[in-house]
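In structure tokens below, several structures.
Each of the next two complexes has subunit A plus one other chain: subunit B in the first, subunit C in the second.
Up next is the complex of A and B:
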């Protein structure tokens, strides 16, 4: 783990106990997030991306349980600590949620309480983490809403979520997440539920914010076009496992794992393929058996047996 | 909001006119009237009643008028606050109803508070600790409560109070206070009697409200806005009460209005068992004995309370849910 790693997940496993048995939603996942960069987790739906993100903020609830692993967090000018070792009701854990890490979600329509004003919900984030007066919190919230592109912020603070469009609500979510100046922002498919033009606006806003405030982004998506626009590092997930990691250029231009190759080939216009190809039609665990991650050339990793990794990548 | 309320109040007028016609027709429908019923009783006792006397009685209660005229007479008096004369009790309906209505409201409010203070916290606990031992325990107790008829519970409680504490708990007052003017000790006497009807009537609603609260809250607990608030670092206790409980409780607040009519009609059987001076038994008597003014006034009051209650519910709904307020 190099010094500019802000967050390092090691061997994380999360299990869900269901009626049909125990299910490892996240299986021995490791991931390094570089400070002030954007790390993307890519994978089809159900591959365990959200569960990984929730685990980072200790938001997994019954019937889920983190069964093993470490999540080493190294905030700027602070000692490293293991997120999974924080006591359940410790101040450190509540500081981590919202103070050190923040999260925005896929569904801006339901991620805000329908019966509380926008101002109330944004100010709550401030009042939870900072010792300021309500008036100061109001000013801070206004400034932040203004910063993410909401006009007439002080007026819109008195309004309710249903008076906002989807894109505007996602801006509110971003403002609420950033208002306490967290060092890590987790974006769990933040543009998936929005229509295309709004998607582009939100992406542009996130990119611009990331560059100006030096935040480390964890960007979860199933959309490779979005990955191409925003990511520095990419991790490909499937069935709760990491299949491949590397820089955005390596993954998109030169994928090693057959699953990644399929994924990219399935995107129209991404490669020179003229026909759409299905990704793995039906996720079948036997397709990508549990090989462990092997480091290969160019500071990347792939989960394949050595015999299946082309010679030119061998270290 | 003010114009909305005014509009709704105006819309109530035609509704109430139609209801008043129906009520009037209904109380006229059964064959015979209270005079002929009384007459039959008198004749059985061997009394001679002359035709003139009967006609005089009929005229006294306007029963000799054509029906439409009787109707207008009734409605007109009702609007002026005169609900007519009860032939059975030989008293003005106003005197009969108002005092009983007061006690009914006191008991209803007390039992509602009892229900809510018991059921809502238990519902919250059961949802938050779903499938815990406590959750199962409260579910079993709740279902038992649901399955026990109220009058049965009333009898059991009366029996226990009598055998263990030696107190006779029927009615709302001890005999020495029943007719006494209001005083501090009379109030104390009321309080020492009111707990039985409060528990009996309150228990009846507890189980269902508990279950509904549990289900509502479970729905809300899995909503994305709850995760948002957790991710913000809001502490669990504050979080649960500020967001999901606040929303899960809305249906209860907004249906308070529906309880208005049950203030009068509710729980006649329990009131009879417990010998409570409330309106329920009186309504039952009025209907049984064809006491037309008493029954008609009761039904009319019930209708007015129902219509008002619905308006109240709509207003409360708008108060607790901004999405409705702004439509």
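Up next is the complex of A and C:
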């Protein structure tokens, strides 16, 4: 593991026990997040993206269980530690969730209280994580809302979530996530429910934040075009497994795995194609047999047997 | 010669603005669709795009008279000749409903969850073609086949199916009466991209086989670009631009269309997203 890796997941598996049986929602996943970069997890619904993120913050609840793996975190100027080894209810785990890592979601309304003003909620987040007075918290909240592009912040702090548009609510969530100065921001489909023009604004904000405050982003999405715009590194997931990793240009311009190739071909493009090329919809793991990831040329990995990897990629 | 299956003129839809309180009362009107005119050529696909709340759903629901328009006309070429849907009584609309069908994002949201696939797909037949009841079962099986579902799905409940299969069931229900005009309201929006591609391909095949005309409402501009020949761009209840899809995408004339197009992320990481600044545009 190189020095500039802030988070390194090794062999993570998460199992859900249901009436139908045991189901490996995340199956032996490994992932490296480079410091101050954006790592995207892309995959179709049910592929295990959110469960991977929840595991990073130790938020998996019954009937789910982390059955194996390591999540090695190396915060700036600190020793590495394994997130999965932290004791429940420990200070370290509390610090991880409230300080080191923060998360924003697709639907901010579910994370905001409908009966408290925006200002109260942002101030509450500040007061639980910093020892400041109420007046200072008000100023900080104002500055933070202003920072994420909410005009007239001191006025708007008096308003309730329902008075905010979807895009504005997502900005509030970003502000609340940033108050504790996290080093890792997990964004789980943060623009999926937004109009395309608002999505563009939120993506621009996240990019600008990443560049100015040196935060490392884990960006989860099903949308390959969003990946193209936000990611530095990309991991393609399918049915709980990682099928391919590489830089954003490698994955989008030169995918190796047939699943990634098909996923890209299924996107209706700007050019009028005659026919889309859908990926097989059979939820049949034998479509993409469970080979393990192997390293190939260009610092990338692909889950295929060597014989199926074109020669030019062989190390 | 133009063969328009639908001609909509000066079409507006208004909702009452109510004041909340012990006795709620109307304090004004909200114009959700504002003086819209367009036509749809038989056998073609017309896309309607615009941000959420722009009036797309209200427009198509009012054309089908699920809600009543405030003014305007919607002339439909039925099997028996031209009729203005806005002028018909609810009773006179019934036979026409067979010829115009709608496909929704969640096809079963409004249906009884205890209905099996067979009931869901045959219900329109039971209502509109009771005299053919002997043939219903065969018609349903045939329709399911056409949308790519096996006959053994007949006796299962829709919640047991994946999103793509559920949408196929919704399509089968919409097409079982052999309509000529099919309105798809965000019909593929909730589907994964691979499943979306299959459903779009299916809709194209069915259009050719059954000579369908589509009105295709979607907030995803790429889907409309792929699927439709003509499009309307709606903004705050008005159509701000209309024309051939290719023209709208390559040389948009209205500032709102330009804003929308500039916000579409490219699949190419080297084509950076640079959305236009809302404040520098004249949007109304």
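The criterion applied here is as follows: the second predicted complex is superposed on the first by the 310 of 315 C-alpha atoms of A that agree within 3 Å, B and C clash if a C-alpha of one lies under 4 Å from a C-alpha of the other, contacts with A are read in each partner's own complex, and residues count from 1 in each chain.
Please note the rule applied: contacts are C-beta pairs under 8 Å (C-beta built on N, C-alpha and C of every residue); 3 or more make two chains touch, one makes a residue touch a chain.
Just so it is clear, the model here is predicted, and its values are computed rather than measured.
On the superposed subunit A, the two partners subunit B and subunit C both fit, without a clash. Contacts of A:114 after superposition on the shared chain: subunit B is touched, whereas subunit C is not. Of the two partner chains placed by superposition, A:24 touches none, neither subunit B nor subunit C.
Look at A:105: by the touch rule set out above, it reaches subunit B but stays clear of subunit C. By the touch criterion stated above, A:209 is placed in contact with neither subunit B nor subunit C. Applying the stated contact rule after C-alpha superposition, one finds that A:294 touches neither subunit B nor subunit C. Shared-chain residue A:266: touches subunit C; no touch with subunit B. In the superposed model, A:195 makes contact with subunit C only, not with subunit B. In the superposed model, the angle subtended at the C-alpha centre of subunit A by the C-alpha centres of subunit B and subunit C comes to 70 degrees, rounded to the nearest 10. Between subunit B and subunit C, C touches the greater number of residues of subunit A. Superposition on chain A places subunit B within reach of subunit C only down to 6 Å, the least C-alpha distance between them.
Partner subunit A is touched in their complex by these residues of subunit C: 51-52, 162-164, 192-198, 200-201, 204, 219-223, 225-227, 245-246, 249, 259-260, 262-270, 272-273, 275, 278.
Within the complex formed with subunit C, the subunit A residues making contact are 44-45, 195-197, 199-201, 203-204, 222-226, 228-229, 231, 248-249, 252-253, 262-264, 266-270, 272-273, 275-281, 283. Interface of subunit A with subunit B (complex): residues 57, 59, 94-99, 102-103, 105, 107, 110-116, 124-125, 128-129, 160, 162-163, 173, 176. Residues of subunit B touching subunit A in their complex: 223-225, 227-235, 242-243, 246-247, 250, 320-323, 326.
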